[in-house]
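Shown next, in structure tokens, is the structure this report addresses.
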Amino acid sequence: MLTKFPGSKKPHSSLRRRILQGMLALPAAMLLSHSALAASTAEVNTTGLAVTDSTVKVGILHSVTGTMAISETGSVQAEKLAIDQINAMGGVLGRKIEFIQEDGASDWPTFAEKSKKLLVNDKVAAVFGCWTSASRKAVLPVFEQYNGMLYYPTFYEGLEESPNVIYTGQEATQQILAGIDWVVKEKGAKSFYLLGSDYIWPRTSNKIARKHIEKLGLKVVGEEYYPLGHTQFNSVINKIKLKKPDVIYAIVVGGSNVAFYKQLKAAGIDMTKEKPLVLTISVTEDEILGIGGENMVGAYASMKYFQSLDNDNNKKFVEAFKAKWGKDIVIGDVTQAAYLGPWLWKAAVEKAGSFDIDKIKAASPGIELTTAPEGYVKIHPNHHLWSKTRIGHAQLDGQYKVVYETKELMEPDPFPEGYQ
Amino acid sequence: MSYHGFKSYLPQQDLLGFALLAILLLVIFPLSMDIFRLNLVGKYLTYAFVALGLVLCWGYGGILSLGQGVFFGLGGYCMAMFLKLEASNPEATKIQSTPGIPDFMDWNQLTELPFFWQPFHSLTFTLIAVIVVPSIFAYFIGVAMFKRRVGGVYFAIITQALAAILTILIIGQQGYTGGVNGITDLRTLKGWDIRSDEAKYILYFVNVAILFLCLFAAQYVRKSKLGRLLVAMREREDRVRFSGYDVSNFKIFVFCLGAAFSAIGGAMFTLQVGFMSPSFVGIVPSIEMVIFCAVGGRLSLLGAVYGTLLVNWAKTSFSESFPELWLLAMGGLFIAVVLAFPNGLAGLYQTWVAPRVDKWLANLKTPRPLTTNPLESRS
Amino acid sequence: MFADYSMAELTSIFAMQAFAGLILFSVFVLMALGLAIIFGQMGVINMAHGEFMILGAYITYLTSHIFSEYAQNLFDIYFFVAMILAFIVTFALGALVEWGLIRHLYKRPLDTLLATWGLSLILQQIYRSVFGAREVGVTLPDWLMGSVALSESIEIPINGLFVMGLTLIIAVGVALMMYRSRWGCQVRAVVQNRTMAGAVGINTEKVDRMTFALGCGIAGIAGSAFTMIGSTGPTSGQLYIVDTFLVVVFGGASSLLGTIASAFTISQAQSTMEFFLSGSMAKVLTLLVVVGILMLRPQGLFALKIRR
Amino acid sequence: MTISNVSIGAKDFVLAVEGLTVSFDGFKAVNDLSFYVDENEIRVIIGPNGAGKTTVLDLICGRTKATTGSIKFRGKELTKMKEHQIVHAGVGRKFQNPSIYEDLSVFENLEISYPRGRNVWGALTFKRDREVIEKVEEIAEMIFLKDLLGKEAGLLSHGQKQWLEIGMLLIQNPDLLMLDEPVAGMSVAERKQTAELLHRITKNRSVIVIEHDMQFVEDIADRVTVLHQGKVLSEGSMERVKTDPKVVEVYLGH
């Protein structure tokens, strides 16, 4: 379970402690992984995956064309970086990772087609990919039918738990509840205006948010959805002005995001004054790049990772990422989650001592990663990650300053009781 | 004289073309491809239904619809609703707060099946609905537009707007439609697992068989007087009108027929791919389907099938090797077809290959004059 | 829904809402003007209109970079330079496209639609290769991004005012050009009778090229202006295309006045409905109403009854 | 195509045009026009360019809708009918430029005009039977195109195209035939043939002809109507019209 990053030969003392904890927790896994290193291909691969004595093939499946390419590019970069680093450390079970990249082209049926190609034709040992819920829903039956392994990076609405998927992003309750609790406690928020792009993630997330807000005895004064790609928000901004909520809870995505925040600023709502306060779960550093830091400054975001996170893991990660992809690049929540995918898979393979999907499935729950940029994460039996939720405060330079983080890891709860 | 004599609905050269296509689809592809590739071909062929409808509407009728995806989607959704209901039996959905309804309804706090989903428990109803619902929709659009003589570019843009409206509606009403995710995770048809390799083989052949039925139907229309009227209308709409025809009725008919074809394609898509998503209803796929038709040759039924196969094959292989270049290639293809080969593959075939085939056919049999129907010589 | 509010609040909200409608109106006019010229005067459907707009936006992005690198003290006025550059570049590209593509297709309007769609795909990919798949953030001078407080509760976004002013200038400019200048006279002559116009010595090819290029150039200015309110990415142009076409078609293709009237109708309907209904439904209803009216009156709002 | 003659007011007339006006954005192309056409009459309409001749035909056949006024054909009000209904009622119209289907053969051109299978179902189930073939051949003979039936219509000469269009009307056996410049662009020999053709085909129907060629007009006209600025300037036999000072003024005055 020693999953180290290159250059982390002298772990920080606290880091070492955590690694030691991890080792103590999983002595059996350690043994397995040691014995597996010497194992022959026939032993570690009983189901005919694309594994040779020296290589193992995996798939990367994201949109590099179409509207979603905007968001998915970061994930592709993160996954490639992780694969490079793993290879530099000697690969997985002594085998170098080779990746086959496919383009989902922002089109869900294409995702299904390509995932089938990766699993059936290329026999990849794992797939890192998908971004939107729709693409995941499209490929899910394929992964279940052909028994593949998908590492899915995006924060999403939950309501799903597949043995063939490891969800490396947060599900909705993890992301939402802590954020709302924080604005209520720290900022004294009493009324909320829920706003979103019109599709399943914002709608489900807002449902969870509304339930939680109402449970706290507070008020939702408006809830609204705009078609994906909508660019005119002046009317809703007027409505918001009329209702005077304490918090605008915004889950706007894609190109609409840019339009919304620019128009919000132009309409005289200065987010730094926090009247109303803007809390979002959809704007990562990636999106700010398009919106412009000056248009986003003052907003709060609630998610598990920010580029500015101050820990050694993250510093190394950011440094390596910039070294590979350019110094101006920014890293958002999903990008980091995508980076976890290959590492979690590596850990699972080593724990299982095999590339066999069924063994990876069985081995995955309980796997810990102490070297994750976001800090310590652990796979829950429901295949989601335990993770902390943080609140970031948007700065002029397009970065978030972390102003709060949950003390404990949040338990993933994809089917929240009473929130459905 | 060759002009009279009862016309054959399948003249020699067309017959040869149909036979070659049948051999390709029924023998060569199944023998040379694994089930994954064959299933892909099956998926492409569902788009060929749309392209076929477009040949009639656009190539013959001069009606360019940029909203054929609407009909493909409606057909596909009808089928998907049936399959989803079957997949959502109370046992499979017992963890839901309301077992027995599709999962996405449960997530959206629906506690009972909406009324318009009810009839989709019946396969018979579904099969009828697959064809009838889109046709009726097309009929209403057709009446509204063609009776008022909206045509050409206006029609194209209005159908495009309709595609946009329907997409927004489907995505917005996710409790009833599955929203942007579409209707996913479809498993069985009357207990028959449509995801197994065997089922995929069978569905492929069923798909090809239905495609041929549609091809024959289209060929019949093309060779009937209605087909000639369409050509006549495209050239001289006024003349047709002043020959005593209510032009709009013919347009409505051919538009509905195109819609029905598209809808069948949509239903076959759902069966073979296992889900249906609003991304087909939108503008982009609708225009892509026009290009399938244009590449094949807008006046050629067989061309529509070949064009669809070719463009999709190119798309798949291109995007596997050079995803970044795919859009450039596709854009270039659009422009090249429009500028250089307005009659597409079929046009190239007619110029370069057909004369030789004619010769060969003529040598094969006792020489006799071939029909000089200009339609055939151009299609 | 208004019971809880004071009269003053309501007044100011309505004032701002009316203003929101006007901004939307200006945005629509700006989007549609270029297309209206091309479609109305030439009968050509330019599906790449959105991509021309985005080209304008990218030019603005580049200009903002150049100014912040080399002429920080002039940054406040870079936007005007950017708009001019955007016009020049899109105008030039428009002329090139007309020469390479459109002029071969005047007799086949539906084919121009397909060819320009192909062009739009190519442009999108070029943007993606050159500027990256992510959206770019265009830094705007501070003075553009604030709002004017007319009263305590009425705030008007400056960029909205800017767009309105720009729209006014361009619309008036186009109208003057079309109806007062010699060039406009030639354009109208060519539209009405190409052969005859050629016969009396008008260089119809040149007129066509200039008309198309002008339409594209206006799209470029619009794109440049829209960096204030929207996103700039390879596929952002697609966001505008349906709305733009509907505005033009609804207005009656051959009439600039019609385009303006239709932009007004659609924008007011949409912004009012957005206020009272939810966003998605407002959009659906607006589109439905427009399509419905078009079915009743296919020639659009303003179309000349002509003798055939 | 027999229509019972029930009308009272227009009993003797095949066509009665009364008070017909159409305006295009204020410009009155046809202004309060009235005229009547008898059974089996050949009526020629002449007039300078822009007099409204073609517009009158457009109005009668329903291509343009009248602003006010009435057009009665055998007692039926045409202004309220759709184009194809007007054709069904027995009015046929030839356009100024030959309007034929160039991509179809001469045979198919005539066949499409054959008045059977005019609705969708009929067109789908239409059979090219003996009756159709005989009728097509008969008409083709009449319009001098018997030997060219298999030819693509686009390849015909200009004059042949004109004949083909006339043939397409004849095959419908209309009661009122309207011809817009049937000899324009024809050679002298073709003109003669056309005049002969017209005489032959007008045996049992009324014909309205628009024509500029005065020789041709004299050859065929029973009566002549001179239009000017959308109004009837003069009407009567060719002799009378030719000597009408108003007509001379209009034709020679400018």
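For clarity, chains are labelled A, B, C and D in written order, and residue numbers in each chain start from 1.
By our rule, contacts are C-beta pairs under 8 Å (C-beta built on N, C-alpha and C of every residue); 3 or more make two chains touch, one makes a residue touch a chain.
Note that the coordinates shown come from a computational prediction; the quantities given were computed from them, not determined experimentally.
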Problem set entry | Interface with more contacting C-beta pairs, comparing B-D to A-C | A-C
Exercise. Looking at C-alpha means, what's the farthest chain from chain C?
Worked result: D
Exercise. In terms of CA centres, which chain lies closest to the overall middle?
Worked result: B
Exercise. How many angstrom lie between the CA centroids of chain B and chain D, rounded to a whole number?
Worked result: 43
For this session: With chain centres taken as the means of their Cα atoms, state the distance from chain C to chain D in Å.
Result: 48
Seminar exercise, completed: Note: chain C sits from chain B at a C-alpha centroid distance in Å of 34
For this session: Send over the residues of chain A in touch with two or more other chains.
Result: 64-65, 198, 225, 227
For this session: Mind pulling the residue numbers of chain B that touch at least two other chains?
Result: 168, 171-172, 324, 327
For this session: Scan chain C for residues touching two or more other chains and write them down.
Result: 125, 128, 238, 280, 283
Seminar exercise, completed: In the complex, the residues of chain A that touch chain B are 64-65, 101-103, 105, 107-110, 112-113, 116-117, 120-121, 132-134, 137-138, 140-141, 145, 159, 198-200, 203-204, 207, 225, 227-228, 415, 420
Exercise. Which of the residues in chain B end up touching chain D in this complex?
Worked result: 1-4, 6-7, 220-221, 224-226, 228-229, 231-232, 235-236, 238-247, 249-250, 253, 372-375, 378
For this session: Over in the complex, which chain B residues touch chain A? Could you list them?
Result: 34, 36, 39-40, 43, 95, 97, 103-104, 106-109, 168, 171-172, 174, 179-182, 184-187, 195, 273-275, 277, 279-280, 316, 319-320, 323-324, 326-327
Seminar exercise, completed: Counting only contacts in the complex, chain C reaches chain B at residues 39, 43, 45, 101, 104-105, 108-115, 117-126, 128-129, 238, 241-242, 245-246, 249, 280-281, 283-284, 287-288, 290-291, 294-296, 298
For this session: State the interface residues of chain D toward chain B in the complex, per the touch definition above.
Result: 61, 63, 82-84, 87-88, 92-93, 95, 99-105, 107-108, 111-113, 115, 117-120, 123-128, 133, 149-150, 152, 165, 168, 172
